[in-house]
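Shared between the two complexes below is subunit A, which has subunit B as its partner in the first and subunit C in the second.
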Partner chain A sequence: MYRNVPTGVGSHRRDLTLSAMALRRVLEHGARWAVQEGFGRREDLDVVEEGGCLPGADPDRVSDRACERGHTQLGTLGSGNHFAELQYVAEVYDARVAAAFGLFKDQVTIMIHSGSRGLGHQVCQEHLREMVDASRRHGIELPDRQLCCAPIRSPEGRAYLAAMAAAANFAFANRQVMGHWVRESVASALGVAPDRTGITVVYDVCHNIAKFETFTVKGRTRELCVHRKGATRAYPPGHPQTPAAYREVGQPVLIPGDMGRYSYVLVGTERALGETFGSACHGAGRRMSRSQAKRSARGRSLLDEMHARGVEVMAAGMATVAEEMPEAYKDVADVVRVVDAAGLARRVAQLRPIGVIKG
Partner chain B sequence: MSYLFLDHTGDIAVRVTAASLDRLFEEAAAALAATIVDAAAVRTDRRLDVTLEAPAPDLLLVDWLNELVYRFETDLWLAGRAEARVWQAGEVWQLEAKTFGEPLDEARHRVKVLIKGVTYHQLAIQETAEGIETVVVFDI
Partner chain C sequence: MSHEPSSVTLERIDANRWRIPRSGGMRVDGLIFADDTLIAEIRDDPCLEQVRNVAHLPGIVGASLAMPDIHWGYGFPIGGVAAMDGVDGVISPGGVGYDIN
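And then the complex of A and B:
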């Protein structure tokens, strides 16, 4: 996996470089493009949010600079809190729902956390810059310019949403390509054909996205723009946007923890629909600043510590490992218990890491 | 003229102080390079020029640093040192900068962190008794 999924600065697979036309198709079609090009299977898309392609994406709203940052980064993990993990199902809390997700105790799982890479960051920067001016033009007073904004239906708002959807599609395609290479890695390690690994996708979902979705508010059906920032969708059973395979149980909710302890799979609820516009938290959240974590890691061998916990870590840079060490994060079990107790999503399974790849 | 990394939970914040706006831009660029790699290991015998304009000096500062992020990500250009000239021309603020550095060489440079972009979070350039000061937050 570490060899097949590029991590670190400037690393990418020589066998995947996008032409300008191919990149346009990625921005328009997302994970669908990836499947058409042979990365993964058609049925993977059935369990990707929006089928792996946000509508309304306009590649013309993505600048040449953003495309330049993106064209060699498709199928790359990125750095910071991004990861690819080999895990196993340590606990099952709801056997019926777990079975519907295809999960069972002691099963090996793979979790990938990555996004739109430099392309998305460039889109963000450029539109933030425009929004700083737009806020002033629209007479919006800002407590902090990082919160700059414009009305959704304004020209600036529409332009951003079209660019954001294109960046989201890049992210869907990025994860689909990496997922395919993970399948190939496992096939190669086990000495079986790539279609005989038994790896199926449980779910692929955004955690920093604005989308138009339909909700009932005070008895009225309304289309709302829901921005999930550090949050993830948590739709209930029976919802039309819950994938057909999960319509009876609800949408899988993926909540990654830290690299040493565990991550969780939950399931969406009706309550979240009413209270949080069908959303749950996306992760544990940090407990230590990055520099605190690095200070705390000084003089320690984190790789040995992780090995002693039964977790093998491979990383492009050791500074990232220090910043991302387990105690830098809150215990995601506590966070998940709160989410479960509040009824926003219910616990289904706990996944413990065995192998961790960091950028 | 100096920079100091501050504790920040999710991202990286750096306080930059300088005697003038020109020096502030130069020092902020040095802080950005020191965030990505060990700045002492960056050779500065090659040059890349940058010109930019923006409606305000603080916006120009973010544009400048974002330009360096972009140059690093697309050309692996590490600007170990910069010479900047910032001035107001009518409605806009302009920057002419010479950056001195080299492309990333993984044999000599260990990348500490990738910067996604430079934020506008609490952005302000303030005058102090010693000169001017700003705090910049890098999104990583």
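And then the complex of A and C:
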């Protein structure tokens, strides 16, 4: 896996180079492009939020600089909090829902956390600059200029939404490509054909996105633009956007923890729909800044510490491992307990890490 | 950058919910999901002020929401959810963040 899934800034793989035309198709079609090009299977898309493609993406709204950054980064993990993890199902809390998700105790699972890489970063940076002026032009009073924004239907608002959707599609394609390479890695390690690994996708979810979704608010049906920043969608059973395979139980909600402890799979509820516009948490949340974590890592061998806990870590750079060490994060079990107790999503299974790949 | 010590009013709703009541230019309440353990970590963090600030945005519906893993982010807190009216509301890149999707 570490050899097959590039972690760093640019990809070393020679078998995936994107022409300018191909990048446009990635931005327009997201994970669908990846499946058409042979990365993964058609049925993978049934369990990706929005089928792996946000509508309204316009490649012309993505700057040349952003495209340049994306060009060599499709199928790369990236650094920061991104990771690919080999895990096992340590606990099952709800056997019926776990079975519907295809999960069972002691099963090996793989979790990938990555996004739109430099392309999305560039899109955000450029549009933030424009939005500062846009807020002023539209007479929006802001308590903090970092909240700069524009009316959804204004030219500036539309431009950002079209670029954001394109970046989101890049992220869907990025994970789809990496998922394919993970399947190939497992196939080669087990000495079986790539279509005989038995690896199926449980779910693929956004966690930094703004999307148009329909809700009933005080008895009235309304289309809302839901901003979820470090939060994931958590739809209940029976919702038309919950994948058909999970319609009876609800949408899987994936909550990664830190690299040393555990991650969780939850399931969406009706209550979240009414109370949080169908949203739940995304992860553990940092409790140390990156620089604090690096200071605390000085003089320690984090790889040995992780090995002693039964977790093998392979990383492109040790700085990332220091920033991402387990104690830099809150205990995700605390976070999940609140989400479960508040009724926003229910616990289904706990996953524990065996091997971690960091950029 | 608004990193002053937090002067945000927090009211307990139940064991896992806290409210920042609407005041000043806020259009809706802030609603934070946290228990005693997690609220202790969040209480003096500037991210609570961010929850309050987001409640000022035009077209926001329901409440400015914060998940238990909330921490400081650019403009909007990370772990924040804000639903805007699809016609009269606003869109903000800070509400999505740099790592799009």
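Keep this in mind: the second predicted complex is superposed on the first by the 357 of 359 C-alpha atoms of A that agree within 3 Å, B and C clash if a C-alpha of one lies under 4 Å from a C-alpha of the other, contacts with A are read in each partner's own complex, and residues count from 1 in each chain.
Rule of thumb we're sticking to: contacts are C-beta pairs under 8 Å (C-beta built on N, C-alpha and C of every residue); 3 or more make two chains touch, one makes a residue touch a chain.
Since the model is a prediction, treat every value here as computed from it, not as a measurement.
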Partner chain(s) touched by A:M164 [first = subunit B, second = subunit C, both, neither]: second
Contacts of A:A341 with subunit B and subunit C, given as first, second, both or neither: second
Touching partner for A:L23 - first (subunit B), second (subunit C), both, neither: neither
Which superposed partner A:S79 touches (first subunit B, second subunit C, both, neither): first
Partner chain in contact with A:S291 - subunit B first, subunit C second, else both or neither: first
Subunit B versus subunit C as contact partner of A:T320, first or second or both or neither: first
Subunit A residues touched - subunit C or subunit B, whichever exceeds: C
Contacts of A:I209 with subunit B and subunit C, given as first, second, both or neither: second
Partner chain(s) touched by A:E68 [first = subunit B, second = subunit C, both, neither]: first
A:M178 touches, of subunit B and subunit C: first, second, both or neither? neither
Doubly contacted subunit A residues - partners subunit C and subunit B: 80, 121, 124-125, 128, 144, 146, 148, 286
Residue ranges of subunit B in contact with subunit A within the complex: 5, 7-12, 55, 59, 62-63, 66, 70, 73-74, 76, 104, 106, 110-114, 116-123, 139-140
Of all residues in subunit A, those that touch subunit B in their complex: 8-10, 65, 68-69, 78-80, 118, 121-122, 124-125, 128-129, 132-133, 144-146, 148, 286, 288-292, 316-317, 319-320, 323, 359
Partner subunit A, residues of subunit C touching it in the complex: 1-2, 15-17, 25, 33-35, 37-38, 41, 50, 52-54, 56-59, 61-62, 65, 67-71, 73-101
Subunit A - residues contacting subunit C, complex: 80, 115-116, 120-121, 123-125, 127-128, 131, 140-144, 146-153, 157, 160-161, 164, 167-168, 170-172, 206-210, 212, 215, 217, 222-231, 276-277, 279-287, 330, 332, 334-335, 337-339, 341-342, 344
